[in-house]
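The following pair of complexes shares a single chain, chain A, combined with chain B in the former and chain C in the latter.
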Partner chain A sequence: MEATQIQLRNKLATLLGILTAIVASLMIAVALIFLLSEDPGRTLYFYFVGPFTSKFVFFNMLESSIPIIFSGLGIAVAFRSGVTNLGGEGQIFAGAMIAVLIGTWFPHLPGIVGTAFLLTGGLVVGALIGSVSGLLRMKWNVSDLLTTYLISSGLVYIVNYLILGPFRDPAKIRIQSISIPDSYMLSRIASPSYLHVGIFGAIIAALCIHFLMKYTHTGYHLRVTGSNRQFARYGGINIRRFYVLPLAISGGLIGLGGAVQIVGRYQACFTDLTAGLGWAGIGVALIARRNPLGVLPAALFYVYLQAGARVAMMNSDVTYEIAAIITSVIFYLITAEVTFAFFRRRLLK
Partner chain B sequence: MAIESPVLFEMENIHKIYDGNNVYANKGVNLSVNRGEIHAIVGENGAGKTTLMKILCGLERANEGEIRFNGKPVSIESARDADMLEIGMVHQHFCLFDGFNVADNVVLTREPRKNGLFYDRVNAAKKVEELGAKYNLPIDPGASIESLSVGEKQKVEILRILYRGSKVLVLDEPTALLTEQEIKGFFVTLRQLKSLGYTIIIITHKLDEVTEISDRVTVMRNGEVVNCCITEECDTQAIARMMVGKEVLLQVEKPEVKPGATVLKINGLSLTVPGFSNPILNDISLSIREGEIFGMAAVAGNGLADLENVLTGMNSRGEVSGEAILHGKNIANMHPGELREMGMAYVPADRLQRGTSAELQLSDNMILLEHHKMTRAGVLQGKGILAFVKELLLKYNIVGHHATPVNNLSGGNIQRVVLSREFSRDPNLLVVSEPTWGLDIVSSEFVYQKIVEMRSSKTAILLISANLDEILALSDKIAVIYRGEIVGVFANTNLDRESLGEYMLGLKRQSKEEILHGVEA
Partner chain C sequence: MKRTMKIMTAAFLVLCFVATTVVFVAGQDAPIRIGIFVPGRLGDSPPYDGMTDAVEKFALRNDTVELVRIFEAGFDQALWPEMLYTFAASGNYDVIYTSNEALGPLCVEVIKQVPDVKFIVNDSYVVGNDRLFTTFFNKWQQSYLFGYLMGLISVSDMENVTIDRKIGLVYGQHYVMMDDLIIPGIEAGAQAVDPAFSLVTAMLGNWYDAAKAEQLANSMADQGVDVFGAIAGSGNAGVLSSAVNKGLYVLWYDSDGFDKAPGTVVCSFITDSEAATTRNLENLVAGTLAWGEPEVLGAEEGYIYVPIRDARYVSSLPEDIRIQFEERYHEIVSGELEIVVPQEVLDKINAAAQ
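What follows is the complex of A and B.
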C-alpha cells in the first residue's frame, strides 16, 4: 500500500471510529430513554433538540463550554507530553480564587489591565500547582498521577475555607466570596444569556496550544518526550525537564480557565464553582484524541449532551440519575479504543 | 511381551515459516527423543530451537511435518493437546503472576476445591509443599512471587509443570539468568527428575552445560538439524564447530581504506551491578581508528547489550569504572546529549523502542538530532524540515511519506529511517548494534552497504553484533567477549566462523599478552 494512502486510511479510520461511536452511543441513549421514560417521544425531543429551541439555552450552552475548553486543553497537553494531570478541580478552583483575591486587593486599575492581571494570576497559580507535581516527579520519581490529584484535593479545602471564612461576603444570602469590581468583568455577547467574550479567548487558547505543540521547538520536545522517553533521551533531550514544563502548561491552562469563570461569569467564588469541570476536561481530551484543536468540537459535544439533559429534566420525566447514566454511556463508548482499533484493522490490512 | 522402543516421541520433517518474513525458522527438522533421557538442543541465536519446542508444546503450528508419540501420529494444535500428552514447558522468561503466592501459581487452573466450588487455599499449600518435598524442590508455598530470587522462581515454574503431571519437561535456556550456585542446584534437580523417569529437553547455548548434564545432544543451525549424537561420544570442539558452521555465506564489497588516527580509546572499562558478584563487563580495553570497523562479537547474555549502553550514555544499571576516551574526554558516564554534540552517531539494537518513536511521524523521527538547527525564534522551520526530510527519504530509498507514523512502516524501512538520521550527520564515531536483526536480505544488504560507505568516509565504527556472518563480513578487527571479558582480538584475515565460535562459546581464550598485542596492532 502506498504510504500516503496508509496515512489517509489512518485518518479515515479515526474519523469513522468517532462517528460510529457517536451513532452507537446515541442509539443506546435512545434505547435507555425508551426504557426509562413514560413519554419517550417528548423526552427524546427535549434531550436532543432542546438545546437548539431557544437562543437563551443555546448561548448558555456555548458559555458552559468555555471552562471545559480550557481544562480539556490542559489535559490534552499533559497527555500528549506523557504526564498525567488529575488535579483539574483544584487548579480551576485555585485559579478562580486568586482572581477574586487580586480583584479585591487591586480594585482601581483600568478595566482591561485589571482583567489581564486577574487572568495572569489564575494562569500563574495553576502553573505553579502543576510544577510542584512536576518537581516531585523529577526529584523523587513520585507519581504525577497521585500528586496532582492529592494536591488538588487539598486545595479544594483551602479555597473552601477562604470562601467560608476570611473572604466571605456577609452581605450576600448565598455563601460566596466578596466580588471583584464590575469594571473587571468581560463583556457579554448575547444578553440575556451568560455568553461572554471569553469564548474567543478559549478558541485563541486552542489555536495557540495547537501551534505550540505542532510548530515550535518546545512543542517538538514535548511530543518526542511524551511519545517515547527512551527515544528522547537517546536523541540527547534532557528528559528530566519534561515533567515540570508540561505540568506547568497544563496546570496554567486549567487555572486560567478558573480565572475566566470569575471575570466572565460569576464575579465571585463559591464552593461549587468547579462542579466537575476538571474531570470533564479529561473526558473531552480523550474524545479529542489528545488533539488541541479537537478539544473545541469535543467540548461542544460534551456541553450539548449536558444542556440536553438539563432541558429534558425540566420538561419531561427524566431524572438527574437517568441523564447521568445516558451521558456516561455516550462518553464511555466514544473514548473506548475498540471502535478505533476495529476500523484501523479493516482499513489497513 | 514386546520390548518397548526407547523412543518416546519423534518430530519429522517439521517446517515453519513465520508470517511477515519469508525466512524458515524450521526447515525439515527431525528430532527424536528417548524415554527418560536429558536431551540438549544447542544452536546459535535464531537457529530455530525455541520454535521447534513451541511447535511440540502446541504454542506454534508447523506448516508441515508430523509428530509421533509412542509411535502413533498425534496432532498438537494447542497447549491443551500438549498437556494431554503430558508435555510441559518452562519458558526463558518466566510466566508467573506477581501478587499471588507460590501455591496459587503452581495450582493455577487445576486448583483443589472445597465443595467443588471454592478455591481450597490450605489444601493447595499442602499439595505444593508435598510436591516440593517429593522432588527435592523445597519452597515456601506461602511466599509471594515478587519476593523470590530467579532460581526460586524457576523452581516454581518446574513445580507447576510437575503438578500438572507432565512427564516431558521442556526447558528453554533455563540457566540464562541463574547464578553459578543456582545452576549447580538446578542440575541436581534435573538428575533427580531423570532418575524418577522424567524426560527432559533443555535448550541452551552453553556448551559446558551440555557436557555436564545431557545424555544426547541435537545441534541446530539456520533452522535445520546438523547432527544428533550421544554426548559422551562427541567432544565439545566438534559440537561448537557444528553450531557455528564453517563457511561464511555473506560477502560484502569493501574498498581499501587506510585507517587513520585513533578516535575512541577504551581503557579498563568495567560495569558492576548490585546483586551480581561478577562484573557484567570486566576490564574492556580497545581502540578504534578512523576508517576502521571494529567488530564486537559474543553470544547473547555475555555483556554486549551493556557495552552498547555504557558507551552511548544509555546505561542505567550499575557502576561504570575505567574510561572511554573520545577527543580527549572520558565519555564513560556522559549524557547522550553531550555524546551527540561530540559527533557520536548511534544505531541501537532496539530500533523500535529506542531508535524511533513509533507514534510520531517520519519527519519528527528524522529531525531528532538536527531540529536545533532548523529552529528560528523557537519556531520550527517547516520548509527547511520538509526539504531535509524529503532529501533523506530519497537518498535512503525509504518507502514512506514524511507525515506517515513510523509504526506504519516495515522493519527494513524503520531501520532506514534510523540510518538516514544517524549517518547524515557525518559522525566521527559510529556505534552500530545488531543492525540487521529481523530484516530481510535486501534490507540487510542496504544496511551493510551504508556502513561500508561510512567507513570509506573515515568514520570510526564500532559494530556490536551476535551475528557472526555480519561481524566477519564487515569488520577490520574483531574482539570476542565471553562473560563480560575480551577473550580474543583478531585482525579479520583468514578468520572463519569455526575459530571465532570457539572463543565465543568459551572453549578458547587468548593470553593477556596476545589480547594486548591484538588491541595495539
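What follows is the complex of A and C.
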C-alpha cells in the first residue's frame, strides 16, 4: 500500500470511528432516556431538538463553546506535543482573574487597547503557569501530569479567595469580583443572547494553531517530539526545549479563554466561574483526536449536549443526575479508542 | 341580500358570544402554572427544601395550582441569569417561585424581557415591581436568639465548655444576609449574655466540602470554641463530626437538626419557609398577594421559631439555661423586645434590583 493511500485510509478510519461512536452513544442515550424518563418522547425532543427551538438558547450555546474551543486547543497542542496538561481548570480561572485585575487597575485605556491588554494578560498568565510545569519537567524530570494538576488545584483556591476576599464587589448581591469597565467589553452579536465577537477569535485561534502545527518549523518539531521523543533527539531536535514550549502555548491558549470569558460575557469574576471548562477541554481535544481544526466541531458537539441537557431539565422530567449520566455515557463512548482501532484494523489490512 | 346580511351578522355575533364564553370558562378553569427555580440543589438546603415541599403539597391539595416543573440551577451564580431567563421565557409558567436574596434583582431583570410571567421570591426584598412579590425573613432576630443561646451554653456548667468566651460559626460563603445580619446578629446575641464574647468565623468557600469544614471546626475548637453554628449546606456534616468527636455542642440553623446528632445538636432555630410559601400561594390563588410590596416575617408572626416544647430540646439542655433562654425568646415573640432588620440592609438588597 502506498504512503498516501495509508494516510487516506487512516483518516477514513478516524472519521468512521468518530461517526460510529457518535451514533452508538446517541443510541445508548436514547435507550437511557426511555429507561429513566416517564415521558421519553418529550425528553428526547427537548434533549436533542431543544437547543434549536429558541434563538436565545441557540446563540447562548454557541457562546458557551468559545472558552471550550480555547481550552480544547490548549489541550490538543499539549497532547500532540507529547506533554500532558491537566491544569486547565486553574489556567483558565487565573486567565479570567488576571483580566479582571488588569481591567480594574487600568480603567481608562481606549476601549480596544484595554480589551487587547486584558486578553494579553490572560494569555501571558496562562503561558507562565504552563511554563512552570514545563520547567520542572525539563530541570528535574518532575511529571508534568502531576505538576499541571497540582498547580491548577492550588490556583483555583487562590482565585476564589481573591474573589471572596480582597477583590469582592461589596455592592453586588451575587458573590463576584469588581467589574471591568464597559468600554473593554466585546460587542454582542445577537442580543439578548450573550453571543459575542469572541466566537470569531476562537475560530481564528483554531486556524492559527492548525497553521502553526502543520506548516511551521516549530510545529513540525512539536509534532515529531510528540510522536517519538527519541526519534526527535536523534533528528537533532533539542527535546528539552519541547517540554516548556508546548505547555506554555497550551497554558496560554487556556488562559486566553478565561480572559475572553470576562471581556465577552461576565465583566467580573465569580467563584468557580470557569469550573469544568478545563476538563471539558480534555474531552473536546480527545473527540477532536488532538486535531486543532477538529476542536471546533468537537466543542460545538460538547456544548450541544450540555445545552440539550439543560433544556431537557427545564422542560421534561430529566433531573441533573440523569442528564449528567447521559452526557457522560456519550463522552465515554466517543473518546474510547475501540471504534477507531476497529476501523484502522479493517482499512489498513 | 339584506336578509343574508342579517343572518350572517347574527351568526357572527353568536360565534363571538360562544368563543368569549369558551375562553372565559377555559380561563377560569385553567390552573395557575407554577415553576420552581432552585438556585442551588435540593437536599441539605432548608430554604429551598421548605419552599419546594410547600409548593408540591399545595399543588397536590389545590386544583387551582399546577406545579409544572422544579428546576435545580446549580451553584454557579454566573449562570443563573441565563437559566432564569430561559426558564421564564419557555412559556410554560404563569408564576415562578424561587428563593435567595440575589434572585429578587435577577427576577427584575428577567421581568423587563419576558412578559406575563410573575415571580415570588423568598429571602429577598424588592419594592415596587407589580410582577414580583418578595418575602424576607428576619435573620437578625433569628441570629440574635441563636447567639444568645450559644452564649448561655458557653458560660454554663455543661460538659467540656471552656472559659474562653468564644463561640464559632462555619459558613459557606459571604452574602449580604450572612455579612450584615447573621454574623453580627449572632455576635450581638452572645454579647447580650456577656460582652466579652467573640464569634470566631470561618468561611468554607463552598456549600459541600464536609472534610474541610471538619478541619475548620477542629481548629476553632483548638482555639477554645465550645459551641458551633454551621451554615454551610452539606459542609455542616463536617462541623457535626468535629463537635461529636470533641464532645462539644452545635446549634442548628434554619431547620430541625436535632436528629442529626442527638446530644450534640442541642437546639434548632427554624425558619418556616414552608409555611410562608404556603401562605403566599394561598394569597396568590385568592388574588390577594400584594405584588410589589415586600414583607418581613419573624418570630412575632411565627415564621421563625424555636421548638421549646420538643423533648429533644428539653433533654439536651439544663433547666437553668432553658429558663433564661425562653424568657428572652418570649420577649421577642411578644414584641416586648423589638429586634428588627436594619433598614439599610433591606435598602441594599432592594437597590440591587432598581
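Throughout what follows, the second predicted complex is superposed on the first by the 345 of 349 C-alpha atoms of A that agree within 3 Å, B and C clash if a C-alpha of one lies under 4 Å from a C-alpha of the other, contacts with A are read in each partner's own complex, and residues count from 1 in each chain.
One rule holds for everything that comes next: a contact is a pair of C-beta atoms (placed from the backbone, for glycine too) under 8 Å apart; a residue touches a chain by one contact, two chains touch by 3 or more.
Everything numeric here is computed off the predicted structure, so don't read it as measured data.
A.B. asks: Quick one: chain B and chain C on chain A, clash or fit?
C.D. replies: Once both complexes are aligned on chain A, chain B and chain C fit side by side.
A.B. asks: See if chain A has more residues touched by chain B or by chain C, and give me that chain.
C.D. replies: With both complexes superposed on chain A, more residues of chain A are touched by C.
A.B. asks: Per the contact definition in the header, classify A:Y149: touching chain B only (first), chain C only (second), both, or neither.
C.D. replies: Touch partners of A:Y149: none, neither chain B nor chain C.
A.B. asks: Looking at the overlay, does A:T218 come into contact with chain B only (first), chain C only (second), both, or neither?
C.D. replies: A:T218 contacts chain B only, not chain C.
A.B. asks: I'd like to know which partner A:Y302 touches here: chain B for first, chain C for second, both or neither.
C.D. replies: neither
A.B. asks: Pick one for A:N228: touches chain B only (first), chain C only (second), both, or neither.
C.D. replies: first
A.B. asks: If you stack the two complexes on chain A, which partner ends up touching A:V57: first (chain B), second (chain C), both, or neither?
C.D. replies: Second partner only.
A.B. asks: Going by the contact rule set out at the top, does A:G236 touch chain B (first), chain C (second), both, or neither?
C.D. replies: A:G236 contacts chain B only, not chain C.
A.B. asks: Mind computing the angle chain B to chain A to chain C from the CA centres, in steps of 10 degrees?
C.D. replies: 130
A.B. asks: Upon superposition of the two complexes, what minimum C-alpha distance (Å) separates chain B from chain C?
C.D. replies: 31
A.B. asks: Check chain A for residues that touch chain B in one structure and chain C in the other, and list them.
C.D. replies: Correct list for chain A: none, the interfaces share no residue.
A.B. asks: With touch defined as at the start, can you tell me which chain B residues reach chain A in the complex?
C.D. replies: Touch residues, chain B against chain A: 312, 314, 335-341, 346, 348, 353-360, 364, 367-369, 371-372, 375, 378-380, 382, 399-401, 403-405, 408.
A.B. asks: Per the contact definition, I'd like the list of chain A residues that touch chain B in the complex.
C.D. replies: Interface residues on the chain A side: 3-4, 6-7, 10, 215-218, 220, 223-224, 227-228, 230-238, 348.
A.B. asks: Give every residue of chain C touching chain A within the complex, in rising order.
C.D. replies: 41, 69, 71-72, 74-78, 80, 82-83, 85-87, 89-90, 92, 101-102, 104-105, 113, 173-176, 203, 205-206, 349, 352
A.B. asks: Inside the complex, what are the residues of chain A that reach chain C?
C.D. replies: Listed in rising order, the residues of chain A that touch chain C are 54, 56-57, 60, 157, 160-161, 164, 168, 171-176, 192, 194, 266, 270-273, 275, 310-311, 313-315, 319-320.
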